[in-house]
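The following blocks contain the structures, represented as structure tokens.
First chain A sits with chain B, and in the next complex the same chain sits with chain C.
On to the complex of A and B.
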């Protein structure tokens, strides 16, 4: 088994701390295009009596609406509908892209799930947590925001503080871990199928099964990420 | 693959993520939501209209029933009126006939009386001239007009008394 690496360029433009993973950039743009094109194609030719694609679009919308409604009331929740739906679709498509195939050129992984990289998932989770703080301050007021750290009792403050960082880490790393592990197992099964006739027979069937399971995992993780994002935001913007 | 933290990845991800959010909201999910809202409104309107129509239909049916009942009552009224009028007319006709008969009877009696009187008058006149004639013939003598009138009067008186 060859060691694979990512196409990382360090010290871009002569700035020592500025580095970029070109595979991530590629996959972000691919995911962006896929989500954008599918969404716009799905939203074409909207009619009062929904048919075909429109039904699917409305199902997705109702699904995400349901996620938001489960965590907060719709009056504040509607504000986060664009965020939730974009998160859900971006992560769902990102997860699926890596399951479909992985492209390795010169031992460098170019095509995989963008969500199989901790930088991506932690960026998303940090953004969500920062947004939750921002909206907590904006919608509930500064007083209520700071009071929430010492409710119900003041000595819970350190735990509350740790919770914020723990939430950020778990939210990002859960997604990364699931998708990365799925990818690792798929790569291992591919190695097995290349090892010989017996290996091919022994590897092909589990590969297909695991691919199906990975799609399922990807959908579940997209759902969980969106759900938890809304839960964390609702903790900050709702009364309880 | 797990090495390092790429700052530019973060910036690029955020840029594309926010761009994606703006674009899909504007061009895909916004219109879908609007359509769903429109459909919701449409359905609500349809239901309201159906309810209104049903209320109207009920009202109309009630009115029709009311009118039917009124018509029946009116018809009965008309029949009753007609009957009453018929009976009244019958009475009137009978009454009128009776009156007419009575009138004709009276007229006839009146005429009879008149005729009788006239006949009597004629008779008187004739009797007078006849008696003059007879007297003239019997007496073969001219009498004065004065005598004649006196004689006639006496004669009539006699005749009248006899009668």
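On to the complex of A and C.
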């Protein structure tokens, strides 16, 4: 496969270890604009009998509220509803944007899913785990937080430590792996359909099927990320 | 034959084996549960998707590693 590179600026602002992938910056801005426009369209002219985009937004809200309710009681859970909706919508839109088109300019990939970069997904998962620790400390106090490491048996303490790191890694890498593998296969299928008439006949239908499957996988991964985030937060914030 | 291609093939193959067996167990239990109590179909389906997402995490990471070492 012909090598495509990413538009990375090395040494931003003269700091040698700080590098930025401009494609990620572009895609995060695009995702944010899409989510913003969707939310504004869904929330203006609120009516008691909803029509149009408001129906979709209410469905998404009810869905995310169900996710939070499954893991903790609503009294503590209502604090996390904006976080969960933001996470869900960002990951859903981010996953879908890379499936529809991919734009390559001068051998550099500019338009792809922002979640196809491990840096972004690991940032998201680290933020969630740090937030869970912060809310555990804030809502339950320091004594309960430190005691939770040695209950029910004290010699499980190293395992509980490793569990935090394992949760962070798998939460981020799961999302990255699913979206990245889907994107690579999409690129391979495009090259198949480009290589002659036999390749086109053989590759057209799998290409469309794979695009549909990628959208499905994107939605499932957004759901799983949000739900696992709420599960990890509920472990720290409320009793199981 | 480059060792990178061999490594990629082994990684994806074993990962696919694990994912296939794991997903098969999950979905078969879900079908059995729905057959016993059809009114719980929605909840069981949700739990099935969560289980599939969790089980497929490590094989997918194996696929990513395979794509990384494929060229060497």
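Everything that follows uses one rule, which is that the second predicted complex is superposed on the first by the 240 of 240 C-alpha atoms of A that agree within 3 Å, B and C clash if a C-alpha of one lies under 4 Å from a C-alpha of the other, contacts with A are read in each partner's own complex, and residues count from 1 in each chain.
Just so we're on the same page, a residue touches a chain if its C-beta (ideal position, glycine included) is under 8 Å from a C-beta of that chain, and two chains touch if they have at least 3 such contacts.
No experiment lies behind these values; they were computed from the predicted model shown.
Q: Would you sort A:186 into first (chain B), second (chain C), both or neither based on which partner it touches?
A: neither
Q: In the overlay, answer first, second, both or neither for which of chain B and chain C A:170 touches.
A: Touch partner of A:170: chain C, not chain B.
Q: Classify the contacts of A:99 with the two partner chains as first (chain B alone), second (chain C alone), both, or neither.
A: In the superposed model, A:99 contacts neither chain B nor chain C.
Q: One more residue to check, A:127. First (chain B), second (chain C), both or neither?
A: first
Q: Using the touch definition from the top, say if A:223 reaches chain B (first), chain C (second), both or neither.
A: In the superposition, A:223 touches chain C alone.
Q: Check whether A:178 is in contact with chain B, with chain C, with both or with neither, and answer first, second, both or neither.
A: second
Q: A:91 contacts which: chain B (first), chain C (second), both, neither?
A: A:91 sits against neither chain B nor chain C.
Q: Which residues of chain A are in contact with chain B in one complex and with chain C in the other?
A: Touching chain B and chain C on chain A: no residues.
Q: Give every residue of chain B touching chain A within the complex, in rising order.
A: Touching chain A from chain B are residues 1-10, 12-14, 16-17, 19-21, 23-25, 27-29, 31-33, 35-36, 38-39, 42.
Q: Spell out the residues on chain A that touch chain C in their complex, using ranges where they run on.
A: Touch list, chain A to chain C: 170, 173-174, 176-178, 180-181, 184, 220-221, 223-224, 227.
Q: Given the complex with chain B, which residues does chain A contribute to the contact?
A: It is residues 4-6, 8, 10, 12, 17-21, 24-25, 28-29, 32, 35-36, 39-40, 42-43, 46-48, 50, 54, 57-58, 61, 81-83, 85-86, 89-90, 109, 114, 117-120, 123-124, 127 of chain A that touch chain B.
Q: So in the complex, which bits of chain C are touching chain A?
A: Checking each residue of chain C against chain A gives 49-50, 52-54, 56-58, 60-61, 63-64, 67.
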